[in-house]
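Two complexes, one shared chain (chain A), two partners (chain B, chain C).
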Partner chain A sequence: MAKVMLGESEKWFIIHGIQDDMRNDGRSCEDYRHIEVETGVVSNTHGSSRLRLGSSELLVGVKVELGSPDPKAPNEGLIHFHVDCSPNADPSFQGRGGEDLSANISCILTRIYCNKSSIDLNTLGIIPHKQCWVVHVDVLILECGGNLLDAVSIAVKAALHNTGVPNIQVTDGDEGTQEISLPDDPNDVKFINTVNAPVLVTISKVGSRHVVDASSEEELCCNASLVMGVTKRGRTTGMRKMGGGSLDPESIPEMIETGKNIGRQLHISLDKLLKTEQGMAEDIEKAGYL
Partner chain B sequence: MSNITIRLPSTRRTQNQYETGTSYLVTPGDVITEDTDYMRGHGTYCTGDADDKLYSSVAGVVERINKLICVRALKSRYTGEVGDIVVGRVKEVQQKRWKIETNSRLDSILQLSSVNLPGGELRRRSATDELNMRSYLNEGDLISAEVPQVNVDGILSLHTRSLRYGKLSQGCLVIVSPSLIKRRKNHIHNLSCGASIILANNGYIWIYTTQHSSQTEEGDGGFIISNESIPIEDREIICRLRNCIKCLAKRSVVLYDTSILYAYEASMSYKVKQLLDDEVCDEIVNKTIYLLQQANVGNSEY
Partner chain C sequence: FELISDEGYRFDGRKPSELRRVRCNMGVFTQADGSAYIEQGNTKVLAAIYGPHEASNNMRSRVCLDKCFINCEFSQAMFSSAERKKRSRGDRKGKDMSAHIKQTFEAAVRTQLYPRSQIDIYLQVLHSDGSLYCACVNAATLALIDAGIAMKDYVCACSASLTKETSLIDINHVEELAGCAEFSAAIMPKLDQIIYSELNGRIHQDELGQLVDAVTNGCKDIFAVIDRFEVITDNTEIAVSPRSLHS
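And then the complex of A and B:
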């Protein structure tokens, strides 16, 4: 993302500001920007969400289909992540430009989601060794405004929460074979349990302090950052260091502690919102894009 | 302990509630009229085929003056005029000139001969000066400059041959639409709240601390760059101004020293980070508009 450029003295201004716990937009080091989330925005998906964090804008769609399970885990379903960077977000994403970034994000998402403590993949299994649900999570990045990873993970959790998997009937056919039948009613669905779904928290080291939810200008001043997946109970499901700089071993536990705290708060706020949205009447119009 | 706000977009008030009157909006490719009697103005085109339809080439509002139809774009880039003050970012260092990004359609040009060299000497630029160009202005640096000339192709030539202009030191850049900046006699202000501001015509607003050391009105030409930490009080003023300008720009209030100062005063009952809130933003903007109207009424009585 070469769109943002900063001069030397502007960088110093931002770094000193973080040192004084007064960032350019008045936030302190552990303040998050306002987030806007809406679910169920795309009608031809099983679950979808739209998110806006600062000036980052995302659209997530979830589609489930029948497939065959991994031979190593015959009882479990599968989750695939695919990230697409729209050239609208940045002209450099044109053609194959955004490939590195999207591969990176989907790799991190796979890492934090594909373990037993995040999502119970057994609920997505249908007939062992033969049939299972394959969940495709497609993320579309429409605008980049810093802190993309956190935003993606929050939107993914909201979309998964909104995803209804059709209630499938398994009946015993003749000669020991099993047959499956889809329900006629499209509303006969079972929602995916996202109680333990993690969100990503990026903690960026700027100068000698660390900040959460860095804007794109602050990301330029940061030499290294720690990305961690945190569940509702504050459990870490994955961690990764990003950026070319190095981290002081003494500061890492501190950053992890901050990440856990922020992650827990994110979950509380998000769950509250998803609950209120679910409780709202169906006929309330979605804000959508227009 | 900080709290994270997540909410639904539908709870946010939409722009429509602020709009008054009806306007006819079009997007590129929309047919404006099929009537052949009209003349085509800016922002419209005809295909030249058998159909004599008039299409819009931009997204905007249709305006009709007698038989002339124009489409005024909702959003546009900066079109420079002679005498404008601009803030721009150095994009490239080239032979004897810098390419400056100024939010116009084409990059602007700053010639080596139209800058004040450090030391303030006026002489012919030698080959050594040419080699040292990067030590004065590097890629990514911000400068303030004046437009002495607009070339035929629309490229702006810039100059910084006054100590008021030059490289910008520590501060904060806010980018707004160029149409929001009110054209005034003076665009560089030392605000009474304790910070200085450059309201550049191209929509780039630079907020920085007032230099107390320089006694004259003129600046230092950007030759003194300090990377010292700015005191927290000054920083808070800068951050507050930044958020106030963002609020005003979000609600399309014209920006000039008075409107910014009114917004700053209206924001004093809130913490700086509370200004990011939509409700607080609305309140401040409404207060500012009210104060501006009051001031206008007062002025017209004289």
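And then the complex of A and C:
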């Protein structure tokens, strides 16, 4: 079973290890586990990515569709997030079991992305008031091994970076109407600009110290955690306290500082990887699950 | 339109009795008791097995004293088909598919060896391009082997369709849409027993034998691929080198 259970002494062992800056998998408090990212893995999507962080495994598929814009923002496109927890990850997700977690994660994603600077939605507009691109980001959780939020946000950024929106032509038709035509070549696409897309960093307070990228065992020992959306330049686009416990107000600025630094480093490594992935030939064999 | 050209080839360039490329992997997840991944052409399925374990709370009523019960859930990713479709878990198609797969494996797993327990089979479709049932059964077989659950034999499934008196095996989505009769079956190749068969559409009774033969041959071909994979993984580690990042 995927459910983790820890005894009292095991918890103490983990907490004491963290006080001494030595976690039970050998990491220090500010180390991430090994991350594997691959883009363009699902061929019938406009963009996709697969991510493995420790033992958390995710697949993100992005599809773009034509739709009508929000009347409040007629020039902009729309972006929707949907998270799906597969029972492959945990038998408790069977049926409607995973819906709470899904709703929670998609809310946080929507919150950090509903920010003018995150993704320029004007580039997704086509004809004001009438037509725009609707971007559907579907996250599929295949294995839960702790720190799902950070993993989801990294995978979403990678998938959006990989997303090609067809280059649409708008021509003036009869009587002031406008007509749109799709390009014949499926490779005639414009990639979404993800320079300012944020990633989430979860900082968990364990005992008197805080750690990043908590494994599922460490998540059981932590009192409370702070989730923040951090952009490439280290700006926070959203923040939320998670977990049952409480936080000491004095420790919060410290945690935010750590989150910003870690977020910046994460962006640097991710951007480097995405650049090489994009530069590689189309026909390169994807590892996927093989 | 015609499903086979005058030269005798199908849309994707296959011959009528040719399978799509089958690729598979076992043990893709660490937390599940058994897991497998299979690709049949563009149809891609992940399977995970949990169990045999004590029945979970909401399924106490299904416990059998003399054998285990099999719990199955089939789900499709939102982005798996060409058109994005919102699918809620446990919709009619999913329930139907789960029931079929459950029935198939109840016949193949030696359930009497695990009294009062439960075995979960979870299937997740990542990319759908026809013959979903077959890919799911083949993936679940591999995952059950990975979980070390006793079975009477492998279970291999294959689909077929009939056009112009020729049977096409392992049909893809386009061929499914063409509206010809579709026959799927799961067999135990070494025992030579059919444990599941389903026919959608109408064919002449005389043609059924031909269709069954085509499907049986297809299943045996799949068995050959899966069985060879088993041997490879027993001897050597398959090296996978995904690009990775450290931070």
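Basically, the second predicted complex is superposed on the first by the 288 of 290 C-alpha atoms of A that agree within 3 Å, B and C clash if a C-alpha of one lies under 4 Å from a C-alpha of the other, contacts with A are read in each partner's own complex, and residues count from 1 in each chain.
By our rule, a contact is a pair of C-beta atoms (placed from the backbone, for glycine too) under 8 Å apart; a residue touches a chain by one contact, two chains touch by 3 or more.
Everything numeric here is computed off the predicted structure, so don't read it as measured data.
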Fit-or-clash call for chain B and chain C when the two complexes are aligned on chain A: clash
Touched partner set for A:72, first chain B, second chain C, both or neither: neither
First (chain B), second (chain C), both or neither touched by A:22: first
First, second, both or neither for A:37, with chain B first and chain C second: both
Touching partner for A:5 - first (chain B), second (chain C), both, neither: first
Which superposed partner A:55 touches (first chain B, second chain C, both, neither): second
First, second, both or neither for A:13, with chain B first and chain C second: first
Chain B versus chain C as contact partner of A:86, first or second or both or neither: second
Partner chain in contact with A:63 - chain B first, chain C second, else both or neither: second
Part of chain C, among the options 92-100, 146-154, 164-172 or 200-208, whose backbone runs into chain B after overlay: 146-154
Common interface residues of chain A - those touching chain B in one complex and chain C in the other: 32, 34-38, 265-266, 269-270, 272-273, 276-277, 287
Chain B-facing residues of chain A, complex: 5-10, 12-13, 16-17, 19-20, 22-28, 30-38, 50, 52, 154, 261-262, 265-266, 269-270, 272-273, 276-277, 284-287
Chain A partner contacts - residues on chain B that touch it in the complex: 1-10, 12, 14, 89-91, 138-142, 168-173, 225, 227, 229-230, 232, 235-236, 239-240, 242-243, 271-273, 275-278
Residues of chain C defined as touching chain A within the complex: 23-25, 28-32, 35, 37, 39, 42, 44, 46-48, 50, 53, 56, 71, 73, 75, 77-82, 84, 89-90, 120, 122, 124, 126-127, 238, 240-247
Complex interface listing, chain A residues touching chain C: 1-2, 32, 34-38, 42-45, 48, 55, 57, 59, 61-63, 65, 82, 84, 86-91, 94-96, 98, 136, 138, 140, 142-145, 265-266, 269-270, 272-273, 276-277, 287-290
